[in-house]
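Labels run A, B, C and D following the written order; every chain starts at residue 1.
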Amino acid sequence: MDKGDKKPSWKERIHEVIYEADTKEGKLFDVILLIAILASVLLVMLESVKSFDEKYHDFLNISEWIITILFSFEYVLRVISIKKPFKYIFSFYGIIDLLSTLPKYLSFFIVGSHHLAALRALRLLRVFRILKLSRYVGASNKLLIALRASRAKIAVFLFFVIIVCIILGTIMYMIEGEENGYKDIPTSVYWAIVTLTTVGFGDIAPQTALGQLIASAIMILGYGIIAIPTGIVSSEMTKTTSEIDTNTQSCKSCLKDNHKENAEFCYNCGSKL
Amino acid sequence: MDKGDKKPSWKERIHEVIYEADTKEGKLFDVILLIAILASVLLVMLESVKSFDEKYHDFLNISEWIITILFSFEYVLRVISIKKPFKYIFSFYGIIDLLSTLPKYLSFFIVGSHHLAALRALRLLRVFRILKLSRYVGASNKLLIALRASRAKIAVFLFFVIIVCIILGTIMYMIEGEENGYKDIPTSVYWAIVTLTTVGFGDIAPQTALGQLIASAIMILGYGIIAIPTGIVSSEMTKTTSEIDTNTQSCKSCLKDNHKENAEFCYNCGSKL
Amino acid sequence: MDKGDKKPSWKERIHEVIYEADTKEGKLFDVILLIAILASVLLVMLESVKSFDEKYHDFLNISEWIITILFSFEYVLRVISIKKPFKYIFSFYGIIDLLSTLPKYLSFFIVGSHHLAALRALRLLRVFRILKLSRYVGASNKLLIALRASRAKIAVFLFFVIIVCIILGTIMYMIEGEENGYKDIPTSVYWAIVTLTTVGFGDIAPQTALGQLIASAIMILGYGIIAIPTGIVSSEMTKTTSEIDTNTQSCKSCLKDNHKENAEFCYNCGSKL
Amino acid sequence: MDKGDKKPSWKERIHEVIYEADTKEGKLFDVILLIAILASVLLVMLESVKSFDEKYHDFLNISEWIITILFSFEYVLRVISIKKPFKYIFSFYGIIDLLSTLPKYLSFFIVGSHHLAALRALRLLRVFRILKLSRYVGASNKLLIALRASRAKIAVFLFFVIIVCIILGTIMYMIEGEENGYKDIPTSVYWAIVTLTTVGFGDIAPQTALGQLIASAIMILGYGIIAIPTGIVSSEMTKTTSEIDTNTQSCKSCLKDNHKENAEFCYNCGSKL
């Protein structure tokens, strides 16, 4: 932030603390937020454990209120300290920030219907606060670059996997039938996915000899084609890594970059680098 | 399609709509076909769910007839608009197109035997319509090239996996025996495949100490050799990818090759390529 | 085989048929052997299926005798047609060939004790005939080269996996105890292997919260470290593949080979290639 | 060890035997230690098997005492023969060495409370002796280098996996609820980890149609993202391998680098390196 000569306004100072991590206060803010997010997710999880909730209901409730107020405060500060508040409010993180704060307030207003399933579901939304953690992972990550580059290929692969599962599921439904647990095609397709992905719950398993033969084929197929997404990502990452071997120097005459590390001349215009 | 000066005949126009996706009508036809295929597969799946079929039997039946007539119409158009109709009829897609349309008509003629298992199986053939989707995936796909190149190696690998499973299955049958669920060698081989591919249904599991020791060995083996197909595809894809990025042109002055695709000058001596 | 001018002896002719696949007779012999092996393995498997064995006992018995005599004949021919018979007899294939032929004859001599478990096990040895198939896979296979090259690394990896499983199994035995199925340390180690290799039978599963936490850690660890053998084999295969990019041309002055495909000068002595 | 002219002291001689493997005595010591470690771990495991412990209690007890005394002796020798004993005592191996020797002595002093669970746990610590084996694996291993290099990326990946599992676990808890085994959020998150890592115990499995749909999505996701750690390690190992084979020396006349390790002349211009 280029502060120039002027003394920064209080809005600018808040912006610096919240959105940047260069200053002491910014780092402290980040650490507190991190702890609050983790504590919050832990609270949601513990609240769902009956025996724990009965014992420590008040403690859980108060802690939740403290964290909710803290996050509300953070939300308000984020909105007022930014120049384009609506851009933040309707951004991915803005919506997550709001969604994860609201449920606790709603539980305050709708006291009578405290046990409604819809409200319970709403309250669990607080678990999404964990997504706020992803702010701390650089978006320019090499991992994400490789994944983004292989997106199309992986989509084609998953598309084939789903087609294969639908056909194999239907065949297994014909062979095994309802008496062996394959009660309808969607269930059989679910079983085919469980098998092909090598998860294998075992809640449904083929009983007939022919069913076991086809199941074996599905498993070997699944064992074989797991190589495909791996191959895609591996080759993409090897490429990304080797691109790092090209340097960032750009040619003085034609401004092309991406030269080989040991290139002596520009591959585009032939002038000496 | 080079239409020249002549006005295209109605056959040519149908061909353009069905087999090409360049024109507005062609794209619209593709989108409608796509929706029809997905709707059709969804119908087959829902039809198998008893509770759903009882409630909405008429709706499912009518929808199915509409889609069947649509596909029949498409089939007829494909046959009459192509120059060599028999080549299409006996092609992979031609057979799929016919097979997925016929069952509904057969159910109309054989009303009495409506509940025959054979007919039910026949009706499920309609799920193969999903294979028509593969028309939309380019055959020149890099993924498929890499797979085709590694076909022989993967076959050798699968061949070894099957040999290993037959031997291990037989050994487990000797050790565990019928009282622990390994009722015959085919079942034991099935179990060996379930274990080696890390699926692990758990419907059959070793009970004796020796059986568990061998099962552990199988699992670690399976965990280790999953690396093999992955290694094959990875190295093949890395090769395919790097081959595409460099051309085979060699520099006229220094004879170096492996230049970048868009290089205009040799990266080594600076002379024009 | 360099037959020169002399007419080959009958031993030489048998050797040619059995050990080589260049002549018509050699190919025919190979195809018959292949079918006999597969039929033999199928017979062993079907024999173990009770319902099938009861129905077709005589058919199975006679077929087995035919195949056994065929293999015995092959064994004798192999021994007499080779120059160093003992080298063959004590080789891997020699032992397999003998072991897979003997059991049927033994069943003939020890008629009274037909149902001894030891004999049953012995008879199942016939399944090892499937190993004879590996004769048809070239030993100079790239796949095997890559595997052999990464043998040491994979051994280190498996060694770590086993250490980790022993420690984690012991910890789980302490936490879950006998009441939750972890009845002793070997069983717990078996469970740790089942979990780490992502097989997951589910015959034993953690019940306590702490046990589930540690199980989660084991699973994520297993999910992560499966990357290691894959990485080893992938990098080895990529290397093997890229070594193919080095040509087999050897330098005229220093006889070094393994030059880069596009090398102009020997990397060892500097003379023009 | 440069022994020079002086006769080495007895401390130096012990140091040579224990810490080095160059001499005959050093190798013998290593082999004995290796056998003792393996025997010790086997004893801990067998002791936990009830039926075995009852039969051979005395044998197990005496063997354990022999090994404990052997390890105590080794520990003392290691401490007195090293120049900085405290550095060893507080090192990783020093602590392991002590921890794995103490429990047996403690069982001697606290005779009355022989069956305390805490003591049983303590006694199982002896299994950690297996970690002493890792002394035999070179720390400069290529495998470890590749792993260390990809540590950060794998941490980011595991971080995402855990976030995804927490969110998916919460969603499954909402959909399936307590009646289908998803009794609280921690259990549901445990299930999500079991499913995403393709372990699939099957102790908990979705029963509702919507739950099975989401489970299918989780499984396909898990099947797809297993490619990520693999891709990371593969590309890292490929890099490590290729870096080792080429040196960083560049040709004096043409400035090309990336020469083969054993190259004596530039592969490009033929001048001596």
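One rule holds for everything that comes next: a residue touches a chain if its C-beta (ideal position, glycine included) is under 8 Å from a C-beta of that chain, and two chains touch if they have at least 3 such contacts.
Because the structure is a prediction, the values reported are computed rather than measured.
Asks: Going by the contact rule set out at the top, which chains touch both subunit B and subunit C?
Replies: Touches both subunit B and subunit C: A, D.
Asks: Counting residue numbers used by both copies over all numbers at the interface, does the subunit A-subunit D contact come out same (over half shared) or different (under half)?
Replies: different
Asks: I'd like to know which pair from A-C, B-D or B-C copies the A-B interface, where a copy means over half of the contact pairs are the same by residue number.
Replies: Answer for the repeat of A-B: B-C.
Asks: With centres defined as the mean of C-alpha atoms, identify the chain lying farthest from subunit B.
Replies: D
Asks: With contacts counted as defined, which of the two, B-D or A-C, has more C-beta pairs across the interface?
Replies: Contact tally favours B-D.
Asks: Rounded to the nearest 5 degrees, how far is subunit C rotated relative to subunit D when their C-alpha atoms are superposed?
Replies: 90
Asks: Where the CA atoms of subunit A average out and where those of subunit D average out, how many Å apart are those spots?
Replies: Distance between chain centres, rounded to whole Å: 30 Å.
Asks: Centroid from C-alpha atoms only, then distance subunit A to subunit C, rounded to Å. What do you get?
Replies: Roughly 42 Å separates the two chain centres.
Asks: Name the residues of subunit A that each touch 2 or more other chains.
Replies: Within subunit A, the residues that touch at least two other chains are 157, 186, 189, 198-202, 222, 226, 230-232, 234, 236, 238, 264.
Asks: Applying the document's contact rule, which stretches of subunit B touch subunit A when the two form their complex?
Replies: Touching subunit A from subunit B are residues 41, 44-45, 47-50, 120-121, 124, 127-128, 130-131, 133-134, 137, 141-143, 146-147, 154, 157-158, 161-162, 186-187, 189-190, 193-194, 196-203, 222, 226, 229-230, 232-234, 236-238, 240-242, 259-260, 262-272.
Asks: Which residues of subunit D touch subunit B once you look at their complex with the stated criterion?
Replies: Residue list for subunit D touching subunit B: 198-202, 230, 234, 238, 254, 256, 268.
Asks: How about subunit B: which of its residues touch subunit C in the complex?
Replies: The contact residues of subunit B facing subunit C are 153, 156-157, 159-160, 163, 166-167, 170, 173-174, 183-186, 189, 195, 198-202, 205, 209, 212-213, 215-216, 219-220, 222-224, 226-228, 230-232, 234-236, 238-239, 250, 255-258.
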